[in-house]
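Take a look at this one; I'll ask things after.
Chain IDs A, B, C and D follow the sequence of writing; residue 1 opens each chain.
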Amino acid sequence: MKYAVTVKDQTFTIEVMPDERVRVGDHTHTVDLQSINDGFLYSLLIDNNSYEALIEEQEGKYQVLLLGELYTVQVEDALRSQITRRRRARARPSGRMGIKAPMPGLVIDVPVSEGQEVFAGDVLVILESMKMENEVRAPRDGRVNRVQVGPSDTVEKGQILVVLE
Amino acid sequence: MKKVLVANRGEIAVRVLRACRELGLQTVAVYSDVDRNALHVRYADEAYPIGPASARESYLCIDRIIEAAELSGADAIHPGYGFLAEQSEFAQACRDAGLIFVGPRPETLAMAGDKAVARRIMREVGVPIIKGTDKELSDEDLVAAAHRIGTPLKIKPAAGGGGKGMRTLYRLQDLNEVLSAARREAEAAFGDGTLYLEKMMEDARHIEFQILADHHGNTIHLGERECSIQRRHQKVIEEAPSRAITPELRQRMGEMAVRVAKTADYTNAGTVEFLLDKEGNFYFLEMNCRLQVEHPITEMITGVDIVKEQLRVASGRKLRYRQEDIQQRGWALECRILAEDPYDDFMPSTGRITGLHEPTGPGVRVDSGIYEGFDISLYYDSLIAKLAVWGETRGEALLRMRRALEEYRVMGVRTNIPFHQQILNDTRFIGGQIDTTFLESGFSMAEEDNPNDVEVAAIAAVLLAHRQRQRTLSIIKPQEDQSQSNWRRRGRWEAVRR
Amino acid sequence: MKKVLVANRGEIAVRVLRACRELGLQTVAVYSDVDRNALHVRYADEAYPIGPASARESYLCIDRIIEAAELSGADAIHPGYGFLAEQSEFAQACRDAGLIFVGPRPETLAMAGDKAVARRIMREVGVPIIKGTDKELSDEDLVAAAHRIGTPLKIKPAAGGGGKGMRTLYRLQDLNEVLSAARREAEAAFGDGTLYLEKMMEDARHIEFQILADHHGNTIHLGERECSIQRRHQKVIEEAPSRAITPELRQRMGEMAVRVAKTADYTNAGTVEFLLDKEGNFYFLEMNCRLQVEHPITEMITGVDIVKEQLRVASGRKLRYRQEDIQQRGWALECRILAEDPYDDFMPSTGRITGLHEPTGPGVRVDSGIYEGFDISLYYDSLIAKLAVWGETRGEALLRMRRALEEYRVMGVRTNIPFHQQILNDTRFIGGQIDTTFLESGFSMAEEDNPNDVEVAAIAAVLLAHRQRQRTLSIIKPQEDQSQSNWRRRGRWEAVRR
Amino acid sequence: MKYAVTVKDQTFTIEVMPDERVRVGDHTHTVDLQSINDGFLYSLLIDNNSYEALIEEQEGKYQVLLLGELYTVQVEDALRSQITRRRRARARPSGRMGIKAPMPGLVIDVPVSEGQEVFAGDVLVILESMKMENEVRAPRDGRVNRVQVGPSDTVEKGQILVVLE
């Protein structure tokens, strides 16, 4: 089974072979990946080198925390990867944009109102979480289309707070 | 003193409970609704609910805490740090209820607690201070003062501590916005929006001295801690001793710290914070009238259990140490472990701890408020644990800290452990060339990667992806569905149990 | 020395790996088939499989370990304790392969390793020894010697250490049975069935001195450890210093320990064991030519990292300390945490660790070889972790140990933690009135219960039973079945993955 | 719901009431039992007193490890408990007795053979586990009816090694 594996701007072609081996480019390695305690923690031996990694899957990508560094790894079937890439190129951001809560928290203030013009960097919402205030700012210029939260609301991470257009 | 109520939560509540237990004192915990299963409730002999999750309605409620103390028959209250620790009203309420407050007198808290007033008093007895304001001022007067002092300057809450609510101002035109944000945050964190200004010193180190004082006029210091590694005015890594302090300077600064404490008629444990410039001049910043987050590193190099000494002193005993008994040995470092994502702009991270493996072994101390299965909520501070190490030398301590950080595994929430690892790999940090701007000037999460590690990460991900795909294709599809519905059912069961 | 292979497993392998890492040395683990996921494999930079679960076919296989060292390019081997640590053949094999053996010379091991021979040599240089035999004897000669020495007496394996394979004989008519059992166990544990006899001293304390010696003729001691709390000749709780040792006696015994080491031409870390009688007379027992299980308590009171010093000395460096540099500070205690059931005659307990919460906080050190999810197998020693504490005084250390034991939670296997808790509540132990018969004479797991606790246990059980019954009656019946079959399915999946 | 709860030789009648309370004799207590991390570990509050217990169910009994003491607790429906007790009194040990392995281990030696007379205290089997030898001895006099294991067998805890008659 061959995969196209992308980490940052590097892409590897990795073949997973049936007998606990992988081929990366011209090199073949003996590998052994063991789950520790059925969690996100894995012990990985590659040719007798011992590594430990926390691996989480998020939106189809793998977040690999290894030796204090976080790698975002995308794994695709080697054949399909080209098609996917083409499809992705077609997708474009629309004019309307939902501003999401970057963390769970309590809304302290929403210093904008619907219809208001805002500029990139303007504060849209002030969220309190873990006793710290955090300002959610406009990522680009635009107009506030909808304000979906108000002071003292509790919001989840990823919840849409304000819609810009 | 027989029974102590700990008016706090998290790692510091656990720290104080441990000290009480080791002194044979009975212990009482208080908890908000979301903290029923928190470690401090589990470790205490008794536990009293004091209200909903919001700290304003629980851990900051003086009445409910005093009531819990009376119900339980506690005769003393230890406030930990944060929450009510430095509120003179709370110390006064304890006194009124006939309870021992494990901390300074209410009068001392009232004076030292207003950092602006404290600046004035210290200046008057010859303690050097930084240019700034030293009384409560209206926004208008603050604006005028800011123009007089000039930028860059620091805006600080008079009632603050722990770096909360501090702001740095570089451009005077941002002053109004920054003032109102700082006031709001100070109000939220300390129930007091008073602010003061201080000229920002560049290239300076944050050096603080640990003080112990009894009710018999004895005041000593336990040497310094270096806390220059700060992010958004929050200390991130502390060490003791400091590379910048010679024995001669230690003696001079220590004597000044003792003078500050005596001027404030201080009792119990406290900390005097200074800024130290490159020329060896030092300036009083503020007095922290409570146990400090980073007290473990002082304990590690002096052998003094500061919390036990707090309890002894509060019960009226004399200090067990004279100044000359305090001998430093070796070097200690502390990393604050925070539930925040260093790869996503240090956003707070909440959720259930699904896996936890804390480092242990020689020279390693963990003060933790979490356990596997505990839920990190958004209601409280993101400090979930403190990792401290001791070594014979700074070099040994650094290497040991790296080793301990490598062993640390927290699953379920993101932590700043990788951030610590990168600081500990920074050549300036290793060389001890640090000041309070260290993290803001020229330090960032590494972009450069070891090519071998990139390949390892790729192999790890591909093996997991391959395994998941095999599972989906063959046997395991039904299993996964099953386990999901199982979760849902467990959720329902939990709801029924309550 | 750049890369060190650790020829061991469990907590001691982890301990050595940590020291290597803190010195910047690369590390190599070796593992048997059941240890693929063991902590030492996870913590090492490299890991090599060396055979099936049985130690005879893996951790005791000199050839396989030397081969792993060669494959990995390691230039040194640290043997830990147990397994091959004191086998001169192994030290010789390392030397022949051009590898540094982190321990004494093979010649020293050959001499000191035969405890019977060592007794004779030490007697000859004026070291006091206990009446007994001092060379290899046939069963017939041993029987004759036993009659001459008289009971009670100890039967010990000449190649032994750590109390393994020792027997006490009270009646001469049991001699044959005990001899054959002791021989078999010695053979199994050390690959050598040679035995020797020693008159048993009553009311004596087990006192041992930690030795460090370099290749430049420098030999020092780090003071004593008191290891009188033993069960079936296995140390259970150790402390340092000993209440029975005055500074004057410490100096005399320390000098004798150094004489023993020098007589054996000793290098690296070792321990000289003595028995100390009530009159202050002491007798050489044996020399342990390796890192000792209980080395952490010496590290805690002296600040010396013994394992790092072992590695430095082995690489040819001079000792970093002179005798006068060694200063003791405070008191340390260690409890050995064993996977055995104190409520079922200390039967070994095996299985998966389903939950683990190790104590932390001030003055607490845990050296652990396990983690949540790890399987404790029957193949190896039952020592799963060591809990050590430090206090300014013995009293503080005792109270801290109690506190730490209360916090310790191990689920999935039974441990001897309750046994430790009861020893720490024993008034004789608290008073320091201990000798090597402490656990055999008059100490037993408590039968008396606090009536309140009995009621609490009753309430806990009834609430759980009630909840289970409610669940069975209503919603949860299908859930339970589900979760069981889920387990079974997971078992199958595990099988597929391999 | 009333239960008869036996700990050692003490029996309590405990009523579990629907509102997080229990009645023990004349006293009513507020209780709150919470599972910690879905394991065997429980946090129990009784009238604001905080306890932590490891509770395992074994053969219908509860093993409660509390403050370093192990309590074996039997919980029965208060009505049924009398019947059970009577029934239990009738059950008697038969003449034949299976000697079980007290722990998992490797059989080192079986120094008895079928048909042999043995006395209480005689060694029947020598088991090695975690590097220690453990002798399994006859709990009473009798004759060896069957030997079910031999040297180098691996046995599970509770497995019958030898049958005495």
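Details
Quick note on the criterion: contacts are C-beta pairs under 8 Å (C-beta built on N, C-alpha and C of every residue); 3 or more make two chains touch, one makes a residue touch a chain.
Everything quoted here is computed from the prediction, not taken from an experiment.
Looking at A-C and A-B, the interface holding more C-beta pairs in contact is that of A-B.
Centre-to-centre, using mean CA coordinates, chain B is 47 Å away from chain D. Mean C-alpha positions place chain A and chain B at a centre distance of 30 Å. Between the CA-based centres of chain A and chain D the separation comes to 51 Å, rounded to the whole angstrom. Shared contact sites, meaning residues of chain A that touch two or more other chains, fall at 37, 39, 49, 52.
Each of residues 43, 355, 357, 371-372, 406, 467 in chain C touches at least two other chains. Chain pairs recorded as touching, per the definition above, are A-B, A-C, B-C, B-D, C-D.
Residues of chain C that touch chain A in their complex: 29, 36-37, 41-48, 71-72, 371-373. Residues 55, 164, 181, 184-185, 188-189, 232, 339-340, 343-345, 347-350, 354-355, 357, 378-382, 405-406, 409, 411, 417-418, 421-422, 425, 446, 449-450, 453-469 of chain B are the ones touching chain A in the complex.
Contacts from chain C toward chain B in the complex involve residues 14-15, 18-19, 21-24, 43, 296, 299, 303-305, 307, 329-330, 355, 357-358, 360-368, 371-372, 392, 396, 399-400, 402-403, 406-407, 467, 471, 475-476, 479, 482-483, 486, 489-490, 492-493, 496-497. Listed in rising order, the residues of chain D touching chain C in the complex are 1, 3, 5, 7-8, 10, 12, 14, 16, 22, 24, 29, 31, 33, 37, 39-42, 44, 46, 49, 51-55, 57, 62, 64-71, 73, 75, 102-106, 108-109, 126, 128-135, 157.
Against chain C, in their complex, chain A makes its touches with residues 32, 34, 36-39, 43, 45, 48-50, 52.
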